[in-house]
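Next up: some structures, all given as structure tokens.
Next come two complexes, and both contain chain A; in the first it sits with chain B, in the second with chain C.
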Partner chain A sequence: MKTKAKKISGWILTVFMLIMSLFFLFPVVWMLANSFKGDALITADMNSAAAFIPPALNGSFFDNYITIIKDTSFLRYMVNTLFYAAILIVLGIVVNGLAGYALAKIKFPFADKWLLIIMMLMIIPSETIITINFLTIAKLGLLNNIIGYVLPMIVNPFNIFLFRQVFVSLPDDVYEAAQLDYCSPIKYFFTMVLPMSKTVVATVSVFTFLGVWNDYLWPSLVFTSSDLLTAQIGLNSITSNDNTTMGQTLAVITMITIPVIIIYSLFSKQIVEGVVSTGSKEG
Partner chain B sequence: MKKRRSNAVMGMSFFTPALILMIVFLFVPMLLTLIYSFTDYFALSPDNTHFVGFENFKKIFRDELFTKAFWNTVGFVAIIVPLQGLGALGLALLVNKVAHFKKYFKVAFFIPVVMSLAVVSTLWMQIYSPEGIINTILGQFGIDAQPFIHSAKQALPSIAVMSVWQGVGYQMIIFLGGLQAINPALYEAAEMDHASAWQKFRDITLPELKPLCIFVFITITIGAFRMIVQPMVMTGGGPSNSTYTLVYDIYETGTVNWEIGLSSAMAVIFVVFVIILTIIQNVLTRDKEEKKK
Partner chain C sequence: MSFIEMKNICKKYAGAEKNSVTDFNLNVEEKEFIAFVGPSGCGKSTTLRMIAGFEDITSGELKIGGKVMNETAPRDRGIAMVFQNYALYPHMTVEKNISYGLKNMKVPADEIKKKVDWAVKILGLEEYRKRKPKNLSGGQRQRVALGRAIVKNQKVFLMDEPLSNLDAKLRVSMRNEISKLHRELGSTTIYVTHDQVEAMTMADRIVIMKDGIVQQVGKPMELYERPVNKFVAGFIGSPQMNFYDVTVKGNTVMFADGSKINLPENIITRLNGKKDGLILGIRGEDIKLDSQNLDLYKDSIQHSVVENTEVMGNENNLYFTFGGVNTVARVSKYEISQVGDGIDFVFSPARIHFFDKETEESIF
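For the complex of A and B:
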């Protein structure tokens, strides 16, 4: 008897939460549904439930998307951003991974002190040093240059810390065996250490991708030439154009969101682990 | 002996690429920010720079725009922290308890987190628009259209609510991790004593989550203090500077007006704030850890 009551109250909670999640997601549903409509239809549908339903699949269904792809450079901005993300994932793993490995496994002068300093660096908000980094890059003549954009973003104290925490628990004897085989330390790092730590490599890669894809302030400072813009900055220049309709705006922000949703659905486990690890690092 | 030395060289060589980049793009900028905050460094005439002592700091506290930005930021923090912190805890408790579609709920509340600030801001500009979907729905209930981000009164709370919507799933996931780490034996023991749901929550869940709660609330506070992209995209800090924030002021003073000295002084004040918050968090959580032992 009691279990039956429990079952019913369980379903009541589920239904309540389903309704709540629909309310919560209404902006996303509205964005998606109306990105396939012309502005007249968006306004006409606004007064009814049709506001949250995509239009019938007809010849003009993808018009907004086609206009954006044909008449703007948005696709190019998306490709640019993917390219930057790829560079920063590779460089980030090598630079931060090597540093994390040195801190975890190799005794070198002041290693403990460096770890402490890196943990303190994690506190400093990047917005406070962005102006100085901009001046540095400008002085080096690297504005509107991929190198100038990438250089300050490679090193990430949090990722060094994350790598270090994982590498500390790797067994030492494998390393000693590798030394007997005259395996060079750098080769050992790439052929043994990184493959043994796939989870942290995936977590760092996913977070680097999300960081690069969603970043706004830094690319808006470094890039002014339209060939190099990232998707987020391109979005700004497209939506601030008076000729862009509401439907097209919604199509652009849907396009920009698709890659992160794909990444999230593929790597949700790594993302959740990464998020939880920020909470448990205090322990 | 020889091995130790070669280890030191190898360790250093592994660490050096990261170290150089940290020096150039983290340490030096931090140091320069501190130094510049005592000068009148103007980026368009850098040769004409003088040491001015605490002049910048005095100027900032007399500056109306900075004062406004400071109180706006406090306003954002005051709305976002309780809403997002309690919202995340509430969602985590519900998702942890729900018997069906648990995976769907975890994804649903997390989706806005992976969307970018610029996208979310652009989307909500449409949603908040005078003829937008919220005003249309309000109209069906006979409520007058609200100006939202177009009025000096409503812009700040409107942006704050949007930010909570975007961020709440992140802390929900952290709380869920904490809830799942609680030893189930504690609840079993409480059930033997016929403890009510509320008693279990008050005597087990809440104390076990306390360190995580402190962490979450402080991170949300720091996050809210860092507010810039949303007002930048949606309102440009307006109407009549009602959504202009501290970081926005630091950014514009530095990269639009090129008053690096002044901007650095603001940044120093801001960093001091963040450090104080972090110290408070460490003291509060350390206290807890020691009691446990």
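For the complex of A and C:
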């Protein structure tokens, strides 16, 4: 039984969060509503509540989107980025996951020191090493090459640490049982460890996706060929083009936001759980 | 040649100061059910895990089926194991858990199905085939763990405290099920437990350990009737054996509080003239309160006052002070007394044990 005081404070909290979420929703709604309008209408609606209301559903409703899709390569850039994200999710889970597993469960000399080094790497901002990465990739002749783009992005100290924290709490006897069931160590990792750690796998996948999706600097350095560009670069070149209307700008921003919103709404539970579990489980 | 032979096996964990297991010697015959029993930390699990191959053997030799196994990988030792915490694969259904090993062994699908059908049937898991472990009770999980072990047809079963997470009632019924399973399958079994009742009721032979050293190996009743030392005498049997510091003068045994009992000549002679530094041990059921025994040994009748009782109907324990120490007598339902009642009792002379106080070795 909840007490009355608890009920009331629950209500207050709900109302407060509702107001807060409205603050955050306003710009999104505004963006969405105006992305269906021509520039004249946007300006006309600007100072009234109509700014938050989409126009009537008529023949020109999707014009901004159609223009973006037809006249620019933005859709292609989005597909490119999804593809890079997929590659990096898979490789990132395998490489960082195996590293995290080794740090969590395998006895080897200086294991604790290695962990410390990897944790120290977490505090180095990626911008500080981007030049050296660029020079390395350039020397290897991998500019304008997916491999050159992907290679320096695979290893992620934070994800290694995340995996390690979760794997540490996996019971050892399951591994022993699996050994007696003729399961090899590698097979154990892929068919037991990862499925038993779905939450952290989801968390790392989401973080990786968001990282790739939102990254501007690295792809803009590696890629110059328009076949390979990513959505953020596309967004930048479209919005900085003088011929782009405001409505089209909002349409392209909407397009680039949609996957992020989908991911967050699908995986919000895992994201929170993943972050919480890595903090609270003892390591 | 025995099926499992262990010679002078020692285990010293890296960084540990002393051995966790010292000079473990044991020969296990095919189809035997062996229990390792002893207090927590005495090295039972360590020994079992060395047999399984999950811990290196520091020194000594392990043979299974005549082959030295010291360096053999666990999977190639022909063993199946049941773990204390079940160690089920949490993301797999009951069926998948049981069949996982067979699948990896590349057993044909129809044969796997037959085996799984058989296992879920004898373990009563038919209704739960498609469930995941988290939706099972402790007893059901333990059955799945058993199922996973039995389908592989391994020659040796190792079990490490498999019932210790279950409630008392379930423990008794699972005890019987494991015994039955062992009789049906005839696999050589080594069963680790800290519970002497489990060891006594299930095992063909018991290995009782203390501080990493085997104290005694024998059939349950051998350990009960002829313990080699005070530790074994005290560990096996419930309620615990009563121990008293005593001295002997002629045919009379003198207790610390001045109580005396007379023993027949033939028993005294077995002490070989040793007169002091003795511990007398007697089990609760060998302290007699019935008139027949009181009559028989009337020159040694003792008195005390009941301080506590445990009445269970078939097992009734009376607690009182005698010889300066707490004593428990186990009596039939006809001799139950109330707290505060005075009681007369005798020690059944033939059932008395003597131990050397210094070495704690049994004299008889």
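Following the convention adopted for this analysis, the second predicted complex is superposed on the first by the 247 of 283 C-alpha atoms of A that agree within 3 Å, B and C clash if a C-alpha of one lies under 4 Å from a C-alpha of the other, contacts with A are read in each partner's own complex, and residues count from 1 in each chain.
The working rule: contacts are C-beta pairs under 8 Å (C-beta built on N, C-alpha and C of every residue); 3 or more make two chains touch, one makes a residue touch a chain.
The structure presented is a predicted model; accordingly, all values stated were derived computationally and were not measured.
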Report task. Give one of first, second, both or neither to describe whether A:183 is in contact with chain B, with chain C, with both, or with none. Result -> second
Query - chain C versus chain B, contacts on chain A by residue - result: B
Query raised in the report: Of the two partner chains, chain B (first) and chain C (second), which one does A:258 touch, if any: first, second, both, or neither?
Result: neither
Query raised in the report: Which partner does A:192 contact after superposing on A: first (chain B), second (chain C), both, neither?
Result: second
Report task. Applying the touch criterion given at the start, work out whether A:79 contacts chain B, chain C, both or neither, answering first, second, both or neither. Result -> neither
Requested in this report: Please work out whether A:132 is in contact with chain B alone, chain C alone, both, or neither, and reply first, second, both or neither.
Outcome: first
Requested in this report: Tell me which partner A:173 touches in the superposition: chain B (first), chain C (second), both or neither.
Outcome: second
Query raised in the report: If you look only at chain A, which of its residues touch chain C in the complex?
Result: 171, 173-174, 176-183, 192, 195-196, 198
Report summary line: So, in the complex, the side of chain A touching chain B is made of residues 10-11, 13-14, 17-18, 21, 24-28, 30-31, 43, 46-47, 51, 94-96, 98-99, 101-103, 106-109, 111, 114, 118, 121, 123-125, 127-136, 151-152, 154-155, 157, 160, 185-186, 189, 210, 213-214, 216-217, 221, 232, 235-236, 239, 246, 249-250, 253, 256-257, 260-261, 263-265, 268, 271-272, 275-276, 278-280, 282-283
Report summary line: Within the complex, chain A is touched by chain B residues 4, 7-12, 14-15, 17-19, 21-22, 24-26, 28-30, 32-33, 36, 43, 94-95, 97-101, 104-112, 114-119, 122-124, 126-127, 131, 133, 136, 140, 165, 170, 173-174, 176-178, 211-212, 215-216, 219, 222, 226, 228-229, 232-233, 247, 250-251, 254-255, 260, 263-264, 267, 270-271, 274-275, 278, 281, 285, 289
Query raised in the report: Inside the complex, what are the residues of chain C that reach chain A?
Result: 52, 54, 73-75, 79-81, 83-85, 87-91, 100-101, 104-105, 148, 152
